[in-house]
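Before anything else, here is the set of structures, which you'll find just below.
First chain A sits with chain B, and in the next complex the same chain sits with chain C.
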Partner chain A sequence: MRNPAGKREPGSQADLRLPRSFVERGIGSVLLVCAAVSVVVTIGIILTLLKETIGFFQRVSFKEFFFDTQWTPLFSNKHFGIWPLIAGTALTSFFAMLTAIPLGLMSAVYLSEYAPERIRKALKPSLEVLAGIPTVVYGYFALTFVTPLLQKVIPGLAGFNAISPGIVMGIMITPIVASLSEDAIYSVPLSLREAALALGGSRLRTTFRVVIPTAFSGIVASFILGMSRAIGETMIVTIAAGQQPRFTLDPRVPIETMTAYIVQVSLGDTPHGTIEYSTIFAVGMLLFLITLVFNLIAHFMKKRFLRGVL
Partner chain B sequence: MNKNMEEHYRSPREFDFSGIKPEEAIITTDNVQAWFHKTIALKGISLPIARGKVTAIIGPSGCGKSTFIRTLNRMHEVVPGAGLRGRVLFEGQDIYSPEVNPIVVRKKIGMVFQKPNPFPMMSIRQNVASGFLLQGIRSDHLDEKVEYYLRQAALWDEVKDDLGKPGSSLSGGQQQRLCIARALAIEPSVLLMDEPCSALDPIATARIEDLIHSLRGRYTIVIVTHNMQQAARVADYTAFFYLGEVIEYNRTDTLFKNPANKQTEDYITGRFG
Partner chain C sequence: MKRRESGKNVLNQYPADSGVEKAFKAIGIISLILPVSLLLILIIDTTADGIPRLNWSFLTSFPSRFPEKAGILSALVGSVYLIGLTAFIAIPLGIGAAIYLEEYARKNRITSLIEINISNLAGVPSIIYGLLGLGLFVRIMSLGRSLIAGALTLSLLLLPMIIMAARESLKTIPQELREAAYALGADKWMTIRKVVLPLGLPGILTGIILSLSRAIGETAPLITIGALTYIAFLPESLTSPFTTLPIQIFNWISRPQKEFHVNAAAGILVLLIIMLLMNALAIWLRIRLQKRNV
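Right, the complex of A and B next:
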């Protein structure tokens, strides 16, 4: 340890040399290598995706991929229209967000504005436990519990559908939305709450007229990150949504999401190098791009929020 | 807690030389004791605040002056762990009696804070009107009202062309005057100011002081300040606080020229604090 400056004897010349140990000098490079691994792997994944995707589009035209409305690469009459998979993903994600946004935002408001400090400290980590449950458990929870329950209320609900896995996915995402929104809400300066209260604002109006609008872009960032989790979530929709690519916005019937399709092909005995095989890379690439865009939007919203508050 | 408070309870003694008659007081505090968790901030304050006058609260850091004015509009209880005993009579009614709604109290007794805190996501216009929004009042003639209160706060000429700009785009002194306009717009009869100039430069400070002079008479103003010259310039009455107690309360000129208490004299002559 270096001596605190104050302890130096007056008049003596300061000794600024401090031999740096080997470990001290080496540790930087070791840490750099560790950090670089994830970057290199990410680049590797993108390159693989890109290579296979290019291979796919050499055999299937953009036009067919984006304008056909049928997705049947595993049948003899092959169609490569991506829309049924996008529709499936959009449907399940929609129900996920329909669940996660109100639940997450209200939890965040409760935790930050209403909960006593002790409850806040106990509740926040336990909420995050929800995010630690294996998704396969959620998947079977959707299939064997939520779906039968919903079938009693929603007429014509198939055993596999978009609503039930969507809702369960929303429950899984709620902690993410709640935790990130809570961070945004909690970081709204106390002085603004005091200003609002001193103007005769009730607690509810202070929360909804001042605190939430101030934290708005941070809250929206949490929604978008949750959304990108929903789009990328795989296990729940594979188990409970069915595996029938269908170009529909009817949430009651079996559908297939982009992620579930990738699982379906990966689990089968599709040989390397075939067109069926390369479809999963094209779908994977699209998935990657969509979540990337969402994450970037969330990132900029968050930055804007921080700039606005500080 | 109660036991602690008993120990710290101070028997009333002569410190109030203000000569404010009961009928002249808009607020009278009666043995107000306040604490945060186990830390006692106020040890029994009994003060009359004269209607339509400017009252300054001075004293060294930590003497309880900010806590005191926050007890006057029930903002003290907003802080976690805050507690209070005693009575604060506003127009003869105890604002701490159980049937009183703190929101109504705060509509009548407005507040301006140490650090200018305009709402960052609202425009200048919306900031002035934010009290209506927060109270759920639909207000007619909003534009006239916004202009009127911005004029009251001596800010209109500087911002009249930029009413749509965010409140946070203004300079610190302008932001503070915006906060004053916002506080005046809810039409309080008392305005509490908690060191309103401590974050401002001398020119901005002078403008706020001019503003206080122009509001005198129409509003009762209680201003906390660490700046004794400021108290001497703006206030009719001054209370000197020390360690959670009022040491001396008098007309400002007398308090500064002829303090009755040795501690007051030491403080205003700069011997401590």
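Right, the complex of A and C next:
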């Protein structure tokens, strides 16, 4: 009987393997508890964030949070407008995607459509090494190597800026984008390529007119996941982008991202119960919601793509 | 993949590459090489910066106000304790959850809820886990800014990674082997213990070691729960304050003096060497255990 491992249905033959001892009977429940821990974690995250966020909004109005353009909770003249932190996050993420999308997509197309199978199999995992380097190391690289290098090219670039950490973050995210879009491109049915070939299409034409459009939602899903990673990335931007919340779109000056702000407050001695303390949970809540929305969109796009291909 | 192999010849019958096509191919190769060569530059640059500082006293000294006297002893020991504790908490939970989902769970609402939940958790930024740890372990459970609070936080962060790696490994075990065990009269748990786990072990262990090597480089969640950046003693118990290697590195990077940056580079070298060793261990284990199984 051929029964591929992936297709079996767990529990479908339960009667054949009835537990025979007391211990055996308990095992299933113990394992279920292990699996349920993950659900508890999610609930824990939401409750923790919610508790402090509610406390925060009892003291600061929604209007101030979303419409003020200054973020100065650590100064005596306190303003709680979130936009400077969002602008900082958007800037660094923009440069990260500006790096990761072309590099990741081109690598994916090359690996799937051009590279010999042997090279594809060897190169794909070796790209993953890039994603395994600790982010604090990337931060050091951005601050001490990339920034001085860019300062020679870009006039007026400050020691802390959004470009350098953005680019380095992009390098870190490239393997994620490359690997996921390669999965999508590779799974486009061969028959479509053959049809394009029969119509006289060159490899390039086939790739751009047939393969990429077919894999499009899968490719976009990989971009969105990469973007969500960039938004949540902490150490690179904390080290190299600065800690000055500023409502600007100028990437050459020091800014502060949402994540960097959380680190900044955590490093100080902020007592529990103060408004400064609850700000990091409010910012964390927003960060959690943004990445959650991005991840869910990516999830559904990927699902739609798989349904379309198969 | 079968689909591709059978069609390989067809794909090789594309018209000869035009000039544009060759250029496109070149761009593809460059896109692949560029990130990897940047990684090489990173390593060479850091090595050049850090190697003069890397000596025995750097490994065995406590942090100091004087860059030339400062060392990573407390950070190194803190990291080792933290990862040990994290492994102790996260591995049983992760493997247990994976076994449940692969071997026990029926296909119903609760199972798919758990599955969606795990894949979502894997996408939550690590700093959010830090906020969870701060709110839950440090405050509500009053563990303080301690080793155990750090280990619990990291465990929750690793859990989705370990579960997914272990499940992948369990999925590859052919169903026939389970059926053979049942035919011999084994019941479910015995089958799992004697057949499924031993066969899945190489994959599970590799996944675990890789996620632990990720954990050793984690910085943001530990800073958030309040791991200290300056510690001149070794942690004595689960509730001791602690620091770790990445936090010490971050501390040195954020100082303006260049001498401390040299220390940071040396610390990075130690961190990368540890990660390299862990990855090598993962590969070695996999090869060794696979041999034994065959």
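FYI, the second predicted complex is superposed on the first by the 281 of 310 C-alpha atoms of A that agree within 3 Å, B and C clash if a C-alpha of one lies under 4 Å from a C-alpha of the other, contacts with A are read in each partner's own complex, and residues count from 1 in each chain.
The working rule: a contact is a pair of C-beta atoms (placed from the backbone, for glycine too) under 8 Å apart; a residue touches a chain by one contact, two chains touch by 3 or more.
Computed from a predicted model, the values in this text were never measured in an experiment.
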| message | Between chain B and chain C, whom does A:Glu117 touch in the aligned arrangement: first, second, both, or neither? | response | both
| field | First (chain B), second (chain C), both or neither touched by A:Gly284 | value | second
| field | chain B versus chain C as contact partner of A:Leu192, first or second or both or neither | value | first
| Is A:Ser202 contacted by the first partner chain B, the second partner chain C, both or neither? | both
| query | Should A:Val210 be classified as contacting the first partner (chain B), the second (chain C), both, or neither? | reply | first
| field | Partner, of chain C and chain B, that touches more residues belonging to chain A | value | C
| message | Touch test for A:Val293: chain B only (first), chain C only (second), both, or neither? | response | neither
| Common ground on chain A, meaning residues reached by chain C in one complex and by chain B in the other | 117, 189, 193-194, 197, 200, 202, 206
| Which residues of chain A touch chain C in the complex? | 1, 3-6, 8-11, 16-20, 23-24, 27-28, 30-39, 41-42, 44-45, 48-49, 51-52, 102-104, 106-107, 109-111, 114, 117, 123, 126-127, 129-130, 132-141, 143-145, 171, 174-175, 186, 189-190, 193-194, 197, 200, 202-204, 206, 225, 228, 231-235, 238-239, 259, 262-263, 266-267, 272, 280-281, 284, 287-288, 291-292, 295-296, 299
| said: Help me check something: in the complex, which residues belonging to chain A touch chain B? | reply: 116-117, 189, 191-202, 205-206, 209-210, 213-214, 216, 308-309
| said: Going by the contact rule set out above, which residues of chain C touch chain A in the complex? | reply: 1, 3-5, 7-8, 10-11, 13-15, 17-18, 20-21, 24-25, 27-32, 34-36, 38-39, 41-42, 45-46, 49, 92-97, 99-107, 113-114, 117-121, 123-132, 134-136, 139, 156, 159-160, 163, 171-176, 182, 187-189, 191, 210, 213-214, 216-220, 223-226, 229, 246, 249-250, 253-254, 261, 264-265, 268, 271-272, 275, 279
| Within the complex, which stretch of chain B touches chain A? | 73, 75, 78, 80, 103-104, 106-107, 110-111, 113, 115, 117, 119-122, 130-131, 133-136, 179, 182-183, 186
